[in-house]
Each structure stands twice: as structure tokens, then as C-alpha cells.
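Dropping the structures in below, format is C-alpha cells.
Across the two complexes that follow, subunit A remains constant while its partner is subunit B and subsequently subunit C.
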Partner chain A sequence: MAKPIPKIGSRKNGRIGSRKHARKIPKGVIHVQASFNNTIVTVTDVRGRVISWSSAGTCGFKGTRRGTPFAAQTAAGNAIRTVANQGMQRAEVMIKGPGLGRDAALRAIRRSGILLNFIRDVTPMPHNGCRSPKKRRV
Partner chain B sequence: MAYLLHPQLILPCPCGWRHNILAPPSSTATTMSPVLRTGLSGSVHTGEAFARRSRSRSRSVRCMANPRRVKMVAKQIQRELSDMLLTDNVLQFAVLPEASLGADRYLSSLTTISDVEVSSDLQVVKVYVSVFGDERGKEVALAGLKSKAKYVRSELGRRMKLRLTPEIRFIEDESFERGSRVIAILDKIKNDKSLENENRESLDSSAQEDDDNWDDVDPDEGIIYVD
Partner chain C sequence: MAASSSLSHFFSFLLPSKQPPPPPSPPPPQVTITTRHKPTPNSVSLVAQQHDPSSSSSSPSELSSVMCPSLAHANTLFFRSAYNVQVVVDDNEPEERLLNRFRREVMRAGVIQECKRRRFFENKQDQKKRKTREAAKRNKRSRRPPLRSPLQNRQDALPTTKKEEDDDNWDLPEEDGLSA
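Moving on to the complex of A and B:
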């Protein structure tokens, strides 16, 4: 696997990784992983190499606020801003997981002006594999 | 601490709490509203005076659960329902009819459960559903969900251990749509304002072109729906 992008605390500096490949990619894939407590938005190219990512936590939300749809929206906006400068026009969206971030991030992506080709749901589904964690008792 | 009563008069309360309530004896009309968490309910209705006073109240038994518990149940129901939407085949076919034909991972609409509200006696659950997609997709998804309400209720009862599985009502959630529209309008205003500023400051034609392109792009253009 490629070397992971070094995590930077504040987003004021530019990301180190993006200076390496400053190529123009007209078409890309946006992965949205929406769990109940957080949303992670990753923008990759068609082959899967990551261009930039953003999550509700890196956008400055902490704790329970990371799971809210507003946080998902800002995360998606952040991730796309980096990439819109590189000239991405069309994208395919892959959504993983339950959570409020699914809808909110999709709407933010659509609002940002990038054309959506396809929306796919790639939530991992076992064909009855590992034993799932025990049921929560309420 | 059973005070006096005939054991047959002590019933388990229909709400989820593990307490017992006193059954309304047939002669008098007593009301119970036990709010306690454990053990038997506090007040014991004996004596003629009390019976006379409470006869005016209704005969029904209503239990109010702890508000924290209501929140926990709501959260758990949200998790279960979202999981059901993702994994359960029947529900998915109800929401997205084309999934049954095999167009399975390419979606035309995306359904999300945005909020769950549980009544304080845990009997009625209002599920707010938000659908991403066009008008027809929204109608189809909501109609499909409403038609499967009983199935969803039985599935929920199987997955969650509740004394009485609540009645489920699906309601369309407009808040996402509205919020998105508002933010789009605000963005447009911001863009227009920045466009004006730039025009006023310097005649930079390239910036103008970018902004024009922004406005011309129709966000709905590129979406392909699989029918």
C-alpha cells in the first residue's frame, strides 16, 4: 500500500502529500464512511489512490458533535475544496455504513457543483462470516 | 414489601421497567402511575377515602419511563432500523424496487433514518426518514416503508428485548432538504457578492469566467438513475 498521508493537526498548512501529485484529474471517486459517531470523506482517483481526505473530527468537531449531519456536511465540503482546485468535475460516490453522514455528505457534494455519476453503497456485508458483537441491552 | 394485597392483584407493568403495579380491583377505580425504577410501586391504595377520591380518575394504567431510558431506547431503535435498512433484503426491496432486479449496488435514491422519537411510555415510535433522490424516488421509498410497517415492527421485536414492541410510524423528514436549499442560496449570495467585489476591485476576467461556470453547472445533470 502507498505510504499514508502524514496527519497534520491544524489545517492551516497545506497537506504535504498533495504537492507530490499536482495532476489534473477530471474524474474521481469519493468515499464516504458514515458511522454513527463520525463521518470520514476520502477523495481518490479512479484506481483508488487517495488524493485528500477529511473527517468530522479533523474539521474541529469533538465528541458527540462529530456524528451530526452538519459535521458530515463540513467534512465533505472540506474534502472537495482541496480537489475542486485540481479540476475534478465528475465523481462517483461510494457510501459505507449507517449513520447520518450518508445523506448530509451527499447533499453537500451535490451542492458543491461536482457532477455525480453514480451512487453506490459499499457497506461490507459478510456472507455469514465473523461473529458479530453481542447485542446491546437497553 | 408486599403490603397487604392479594397476590393476584400485583401485575407486571406493561412498560419496560421491572416493577410491578397493583391491578385495579374491580370494586374501586384506582389509578396507578408508578414512576419508580425498581421494586414495587410506592403507593398502596387502601381505604375507602382514597378509593372515593380516585374514582374520578380514569381506569387505565399508564406508565411513564425514565426520560434517560427513553433516549437510550430511541438510540437503540435508530441503530437497529438503520442496520435493517442496510442488511435486510425485504426492506431494501421495499425502498428500492429495482434492487430486486439486481441493480443492486448502483442506487437511484438513498434512504437514511435521520431521527427517531419515542413517546414517553415507549408505545409509539415516530421514525423520520430522509430520502436523497428525485420526487419519484422519494414517493416510492416512503410508500414502500409504510407498507412494511408491520414487518418492521415484528423484526424490531425479534431484535430488541422490549416488553411491548412499539407501534412504528414513518414520517418524511424535510429538514435535510430545507437546510440544503438554504445553504445553497447562501452560497450563491456569497459567490455573487464576491463576484461584485472582484469586479469592483479589478477587472479580472478569469475569475468571472469561473463564477459563471459555477452558476451554469446544473447539479442534477450528471445523475444517472437506473430504472
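Moving on to the complex of A and C:
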């Protein structure tokens, strides 16, 4: 067989992981997944490739405090700060899940100064699909 | 040979006829088009699609928000991701108003209610209970105005019947006629 083609980002030259992310993205999508126990905020480009993310857990909250709206607020603020440096001006917001972090994250995004195009709710709804887990007897 | 040629003719006949249908496929009635270029900056028309997937939910004026509860089909044709609720944001909208608008739309779509319902499995008994509760709520809301008319009819009927009773003569006949 022929010689294998060397990859551009091969490990032998050292980790080039963060070098590619210097690209300027004027427009992006902010995904907010708000579950009952946590809120995860992910910033991606229009195609869906992740730029940066943050969550209530990574912001230092632990346990039940991760699910609070204040934690969602800090997570959203954190995620947007790293991205605002890259020059993102317009964004779309996609909110998923039923948690308390929905409104709080939205408020934080609005306050951060990023212009918003749409706010969408993309909570996945089965058309009566898989059987849910059994009821909790607490 | 003849059979294969006829088959090829058959397929060639099929192929061009198949091409037109997919591209200009008409959108299903639940789908509404959101336009990015709105003439007025602040107005957003709200469209409800609650329990009527068959009725088309096209808004009267420029349409900017679409709702799709789990009953209706998700809007997969026009955007890459299917969504339940969409709210188009203008730049100068105050934060509270935007949040309220979003919250109201989500409530109308019933997203959070659905999520809570589907968290755990619900057996037939619970499902029936829930359905009757929902039906009671719905009927209570819409049944109030027609209730006034039967009451008014009853009030009109009562005084007329009383008048007939008053006409009855309960007096005893005069005793002068008896003594003779």
C-alpha cells in the first residue's frame, strides 16, 4: 500500500487544538439545555459546530443549586463572555427542556448585549414513542 | 430483450414524472412561514394551533411566530431543526416584554406541561383522570356564557302559573240559597 497521508493536525507536532478557533464568527446559535437539575449553555456556529460551552456545574455550583435560575444566569454569562471576545454580534437562541433555567438564561443572554434573531423552543416531543420510566414512589 | 426494453421505457416514463412532485411539495397545513423581513418593527402576530391540526394556522398579517404542540406535526420543512415555539426578536424590545411574550407562547403551546407529563409513565387510570380533569377545565371555561338563557326562561314561566292559581274560587257558596 502507499504511504499513509500525514494528517494536518497530527499529534507529533504538538497539540494544535486551540489554534483553529481564532476564527471570527459574527453569527451563532446559543443552545440552552435546561433540565430540572442543571443548565448547560453551548455556543455554536450556524452549522452546529461548538465554539464554547458552560454549565451551572462548571461555574462552581454543586448539587441542588445547579438547577436554580441564578446558576443558569451565571452559566449563560460565562458562555457568552468567552464568545463575545471572538466578535459574535447576532445569535439565535434554542431552548430545550423544562427547567427553571430557561427564563434566567434568556435574561442573561439578553442583558449581555448580543443581538438576537430568534428565540426558539426545541424541546423534543415524542409523538407517543418510547415508554417513560416508572413513577417514583417517594 | 423486448421485456427489458419495455422495462426501461417504463422506468424512463416513471423518472421524469417523479421529479416534479418532491420540490414544489405544498407545506402541510400546520406549517406557517416565518418571514424575516417584517414591515413593522414591533408587531408580532401570535398563532395558536392548539387542538386542531387540520385547520391551517396562517396568520392574517405578517407572520412571525409559530407554535406546534406535540399533537401537530413539527415544522421540519423550512428550518433545519424542528421547533415548538418561535419568537422573532426585534432589537429595541425591552427585556421583560420579550420574556413575557416567550413565556406566553410557551404556555400556549403547552410545552412544559407536556414535559412534566412525559417524565414518568402514566397508566390508564391516571391517563383517564387527567383527561377528565382537562375536559372539565376546558368545559368550565367555555360553558359559562350560555348558562344565562335557561334561567331567564324559568323566571318568565313562574309568574304565569301563579296567576292561574289565584283565579280559583275557594269561597264557600252563600248560605242564603240553601235555606228555603
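Everything that follows uses one rule, which is that the second predicted complex is superposed on the first by the 117 of 138 C-alpha atoms of A that agree within 3 Å, B and C clash if a C-alpha of one lies under 4 Å from a C-alpha of the other, contacts with A are read in each partner's own complex, and residues count from 1 in each chain.
Just so it is clear, a contact is a pair of C-beta atoms (placed from the backbone, for glycine too) under 8 Å apart; a residue touches a chain by one contact, two chains touch by 3 or more.
Keep in mind that what you see is a predicted model, and the values were worked out from it rather than measured.
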For A:133, select first, second, both or neither according to whether it touches subunit B, subunit C, the two together, or no partner. second
Partner chain(s) touched by A:83 [first = subunit B, second = subunit C, both, neither]: neither
Could you look at A:100 and tell me whether it touches subunit B, subunit C, both or neither (first, second, both, neither)? first
Contacts of A:110 with subunit B and subunit C, given as first, second, both or neither: both
Regarding the shared-chain residue A:123, is it in contact with subunit B (first), subunit C (second), both, or neither? both
Report for A:30: first if it touches subunit B alone, second if subunit C alone, otherwise both or neither. neither
Please work out whether A:69 is in contact with subunit B alone, subunit C alone, both, or neither, and reply first, second, both or neither. first
By the touch definition above, which subunit A residues appear in both interfaces, subunit B in one complex and subunit C in the other? 98, 103, 106-107, 110-111, 115-123, 125, 135-136
Interface with subunit B, subunit A side, in the complex: residues 36, 69, 73, 90, 95, 98-100, 102-104, 106-108, 110-111, 113, 115-123, 125, 135-138
Would you tell me which residues of subunit A are touching subunit C in their complex? 94, 97-98, 103, 106-107, 110-111, 115-123, 125-127, 131-136
Quick one: which bits of subunit B touch subunit A in the complex? Just the residue numbers, please. 69, 72-73, 76, 79, 82-83, 85-87, 105-108, 110, 112-114, 130, 132, 159-162, 176, 180, 183-184, 187, 214, 217, 219, 221-224
Looking at the complex, which residues from subunit C come into contact with subunit A? 36, 69-70, 74, 81-89, 91, 95, 98-99, 102-103, 105-106, 109, 111-112, 114-116, 118-122
